[in-house]
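First chain A sits with chain B, and in the next complex the same chain sits with chain C.
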Partner chain A sequence: MELFLLAVSTIAIGVLGCVAWFWGSNYVLDSILPPRGPNAGANIRRAGMVRPWLFLGPAILFLGIYLVYPVLNSVWLSLMNASSSRFVGGDNYGWLIGDSKFQESMINNFLWLLVVPALSTLFGLIAAQLTDRIRWGNFGKSLIFMPMAISFVGAGVIWKLIYEYREAGAEQIGLLNAIVQALGGNPQTWLSLQPWNNFFLMIVLVWIQTGFAMVILSAALRGIPEETIEAAVLDGASPWQIFFKIKVPQIMGTIAVVWTTITITVLKVFDIVFVMTNGQWGTQVLANLMYDWMFRGTPDYGRGSAIAIVLMVLVLPIMIWNIRNVRKEMR
Partner chain B sequence: MDGMAGQKSSLTWAVNIAALLLVVLWTIPTAGLLVSSFRDRDQISTTGWWKSMTSQEQSSFVRTGAAEDQVQDGDLYVLEGDLVGEGQSLSAWGTSARDPGAFAPGESTDVDGATLTVTEDGQYRMESTAPFEMRRGERIFVITESPPSFTTENYSRVLNAQGIGRAFMNTMTVTIPATVIPILIAAFAAYALAWMEFPGRALLTAAVVGLLVVPLQVALIPLLRLHNEIGIGKGYLGIWLAHTGFGLPLAIYLLRNYMVGLPREVIESARVDGATEFQIFRKIILPLSFPALASFAIFQFLWVWNDLLVATVFLGNTRDELVMTGVLRELMGSRGGDWEILATSAFISIAVPLLVFFAMQKYLVRGLLAGSVKGG
Partner chain C sequence: MADLKLTDVAKSYGDVNVLRNIDLDITSGEFIVFVGPSGCGKSTLLRMIAGLERITGGTLEIDGQQMNDIPPSQRGIAMVFQSYALYPHMTVRDNMAFALKIAGQSKEQIQQATDRAGKMLQLTPYLDRLPKALSGGQRQRVAIGRAIVRDPKVYLFDEPLSNLDAALRVATRIEIAQLKESMPDRTMIYVTHDQTEAMTLADRIVVLAGGGIAQVGAPLELYERPVNEFVAQFIGSPAMNLLPGRITGTGARTRVRLDAGGECEVAIPTGPEDEGLTVSLGVRPEDMRITDGPALFEGEVDLTEALGEVTLLYFGTGLEADPVIAKLPGIHNKLNHTTVRLTADPEAMHLFHEGNSLLYRDNPPPSAPRRMPEPEGGEDLDEIAKPNPAR
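Showing the complex of A and B:
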């Protein structure tokens, strides 16, 4: 109950505070530079120069403190020692390069980057194409899209049940081992089966992201002008040819967007590895490695920050590509 | 023409079957969790959840009574008792582990000079002319059928005992303010970016797009230190502020994209009529932008509700402070094999997002389409 009151009063304070700021600051501006009287024209112009910043103020403040400052500060911290008390230059980065866990994480992240966006986009494309052509398509779409709403931790539990292991010959309660045993194979402890366990973790993310890819690609497929398809049908193109030679090339831009968006999610993948293997058995990834260094007995902020900066650098090309696209569009 | 029509219908069939396969494949994992959460502990640990819909055959053994349990019935010494539990039915029985289903119910056999009879309702009767002298009972192997059975007991147990009820409240407390506050801040900023002329507008828009992809991990250490230095420490205030900051780029971007598309004439004519920017925003822009506001609200709600990382870093880690993803994570460590607890807790934690998802799917899809940066 106390919690409830706290939450409600926070919402009230937050909302009222925002409203008070926006309304109050505009009111003050209008009374200092009234848009009427002898100087109306000049006043409106001058107020027009100030007003955008009143509207943007809180947002800029938040973005500055919670995103821009941390990036800059992380760069600085990554050049300091564990407790950030002494400048150590590039030592943390030097240590990273030689650290076997870091190398393992880089390789694994790279594998994730190769597999997850590709499979998610592929399945998403197939799902979009299939569900667009059938009567119960929307219902089917909902179900494929559903994992999007499930937390990574929840998905971890769901898939752990699928990978559950019982000794050979015993009744299997994990679906995967039950199938393997029914086909005459030996049940495995999938999550510690190197190096394949990485792929069993990736499947979880593919399962979640396919719905996202499907929704976007389905909209793109429907946006293809009918004439191009009709022309192809008249020329006698087979359904396969229509799909791969007419439709897919026309939505290449959207495929690229889906691919990069999933790529960013993959780079930051943390929860799945954290709850399913916690980086054991050769499944470590950058985000989890960073968490390790941050929350280990005595936190090492220098090394943790260095790993975070590596992540940031990996995201940078996509960031630049996105910004260029948006600027092109705004012109 | 006939050939083409035939081809078309077989293609339709193939498409339907392929789609069905895909949908089933994507639904099964969640279905497994849901079904498991309604099964009792013994069932979960002995059979796969996919078998729970049909009757289960189980084999086990039961010991008869020993010498001290015998009663005298005329000249005979008799041991009697029940072999099956409630709701189960006996399909076969036996006296050796090698052949546990040797006899049908109603048959009799000899055991060490005594006559053993097992009836269909699971009663056994062992008769002998000489008194029984064994100290431990004979083993009788039984094969029983239990009908499918489901229980809601896991839910009441988990809600009361495993801290999930408390965590549910904590999650709500984190999520609702962290969803409402960024919307308001972002709406004003988005309006300025979309409809006001000022130097640096293009640069700011580009900056927002850039910040969209900044990995959260970069922000954790500096913000944790900042919060500790200025005295916020770990707690709700800190996590609300953090989620607000992290959610803003997407909020501003989504809302700006939507507001740019609003009809210019409406806004221009309001300006000509002497409406102030604040009035335009409140009376025209906000109501018209409702779909975009709803889209973002759903995104932010799902993201905050499902988040584990930000909660672990900015909120304390004692039992009373954990959010649901945190409790779930802890249970995975400490009760890894207790699937009835894990499955039930997991389902409680994903129930709210699923509900929101199915109720508001339209807005979610719309938001996704507007939110993915358009490719060249």
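Showing the complex of A and C:
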């Protein structure tokens, strides 16, 4: 109960604080530069230059504290030793290049990068097209979208149970092995089955992200002018040709945005690997590797930060490209 | 060669009937225009011919072959959409070539066809551009070009000019007229709500109202001999004045006493049994002229609009009723707020009883759907409704 009250009052203070800030700061601005009297014109112009900063100010402040400062600090920490007591220059990065676990993580991240965005976008596109055309499409859409509401950790636990292994002949509690056994096959320890276990992990993220891709692409498909499709019908195009030659090219921009957005999620993938294999059996990825060095055993802030910086540098160009695409879409 | 025959065509969405009893014969090479107010079903009818809407009743035949269930691409038609419907991701050339590629034509054939269409529509410099880099008029020409390359038997135009500005609309209208002239054996069906387009382009106009055909006929036929009040008021601008009255004398010419007080003679024959019949006298604003003698209408001018070549006089403006309008050649601003007496030639006036023209009481209009009996005594009709020589 106390916790609940605390939460409610936090929300109230937050909301009221925002209102107070925006109202109060604008009130102060208007009393310093009143939009009336002999200098009304000049005052309105000057106030107009200040006002955006009143609205942006809090956001810039908090983003600065929680985003910009940590980035700079991480760069600094990555140039220090394990306990951040001595400057070691590029040693941590040099170590990274030779480390086999890092190489494995890079390869795995690259695999994730290839497979997950491609499959999620493809399945999302198919689901968007099909659910728009059948009567219970909206129900299907809800089902496909639902995994989006599950946390990555929750999804990891669910799929860990699906891949669960029991001795051959014993009653299988894992869905996949139950099916395999019912079909007369031998149950497998899926999560340590190299190199396929990587793909079994990827399926989890595809399962989650397909809903996201579907929703965005469905909206884009509906945005295509109906006349262009009718024109294609008159031109004699088959449903397949209409889909691939008329519809898909028209939503290429959206597909690119969906693809890159998922790509960024994929590069940062951590929870699923952490919960299901913790990077064992050749499934390590960069984010989990960073966590291992940063917080497991004796923390090594230097190496952990170096991995974090590598991760950031990998995400950055995709991020920039994505933002450009979104802007282009908005125009 | 493409004759179209619509027999008892109907369209309903569930219980809502949008179109019914549409009978229409279109001969090869005709330029047919569907006009009508918004929601009269003219675009729906066009889309049914195209195959984009299912025909829920009756039959559509093209060249004697029933088309109800033939897919759009095999009906030998091409359509130009109001919104152009260009494929935004394809260049002008690819837009025009799409149908040919689907049909599996060779590269050379496609190249030739698109080159020819490009030249014909003055699009050659733009063939490699995307639609978004073109002006509205150019986009419309690409849309037309996309139809031309397929060399269809029937061209369908769905309000192709309504997204263009006024000047471009006139220019493109003329281009379409020239296009039709350059292929006399191709049938064109054109939907518009703009009566200028209808009057200037059509061989025959189909006036649609309330889900049915009000009248079919050559443009001037509709103007001079409208079958009912709706067509009378829809064709011509400003709309025909309708003045309520009563027949007071019958014979080869009919005397009408108007409720407002005026009296006049109309060159439409009536029988003795018509004595006392309530009618609406139809007079076009442009047929009215000022007179010192007996007037059919007398009133104070509430507003004048001088357009240079003509002046519009408005009588009885207000919210309660449609004003009576007179359109006089020349500039007559001075008539504002004066009382004027107006008359018109007996030959230029129309009589309607319960909405229908007395002219066609015994004879259906000459170009009505073929299912109706052929008109008799057509020559007499010509005599009666002689076009006003002043026009």
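Basically, the second predicted complex is superposed on the first by the 320 of 331 C-alpha atoms of A that agree within 3 Å, B and C clash if a C-alpha of one lies under 4 Å from a C-alpha of the other, contacts with A are read in each partner's own complex, and residues count from 1 in each chain.
By our rule, a contact is a pair of C-beta atoms (placed from the backbone, for glycine too) under 8 Å apart; a residue touches a chain by one contact, two chains touch by 3 or more.
All figures in this text were calculated on a predicted structure; none of them were measured in a lab.
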For this session: Considering only touches as defined above, state whether A:I246 meets chain B (first), chain C (second), both or neither.
Result: second
For this session: For A:P52, decide between first (touching chain B), second (touching chain C), both and neither.
Result: first
Exercise. Which one hits more chain A residues, chain B or chain C?
Worked result: B
Exercise. Looking at the overlay, does A:V115 come into contact with chain B only (first), chain C only (second), both, or neither?
Worked result: neither
For this session: With the two complexes superposed on chain A, say which partner A:V257 touches: chain B (first), chain C (second), both, or neither.
Result: first
For this session: Pick one for A:I158: touches chain B only (first), chain C only (second), both, or neither.
Result: first
For this session: Give one of first, second, both or neither to describe whether A:I44 is in contact with chain B, with chain C, with both, or with none.
Result: neither
Problem set entry | Sites on chain B touched by chain A in the complex | 11-12, 15-16, 18-20, 22-23, 26-30, 32-33, 36, 44-50, 169-170, 172-173, 176-177, 180-181, 184-186, 188-189, 191-193, 196-198, 201-202, 204-223, 225-226, 236-237, 240-242, 244-246, 248-249, 252, 276-278, 281, 302, 305-309, 313, 325, 328-329, 332, 339, 342-343, 345-346, 349-350, 353-354, 356-358, 361, 364-365, 368-369, 372-376
For this session: Spell out the part of chain A that touches chain C in their complex, as residue ranges.
Result: 225, 227-228, 230-237, 241, 245-246, 249-250, 252
For this session: Using the touch definition up top, name the residues of chain C that touch chain A in the complex.
Result: 50-52, 72-74, 77-79, 81-90, 98-99, 102-103, 146, 150
Exercise. Taking the complex as given, what residues does chain A use to touch chain B?
Worked result: 3-4, 6-7, 10-11, 14-15, 18-19, 22-23, 26, 30, 35, 48-49, 51-53, 55-56, 58-60, 62-63, 65-71, 73-74, 77, 84, 123, 126-127, 130-131, 133-134, 137, 140, 142-154, 156-162, 164, 171-175, 178, 207, 210-212, 215-216, 219, 239, 253-254, 256-258, 261, 264, 267-268, 270-271, 274-275, 286-287, 290-291, 294, 301, 304-305, 307-309, 311-312, 315, 318-319, 322-323, 325-330
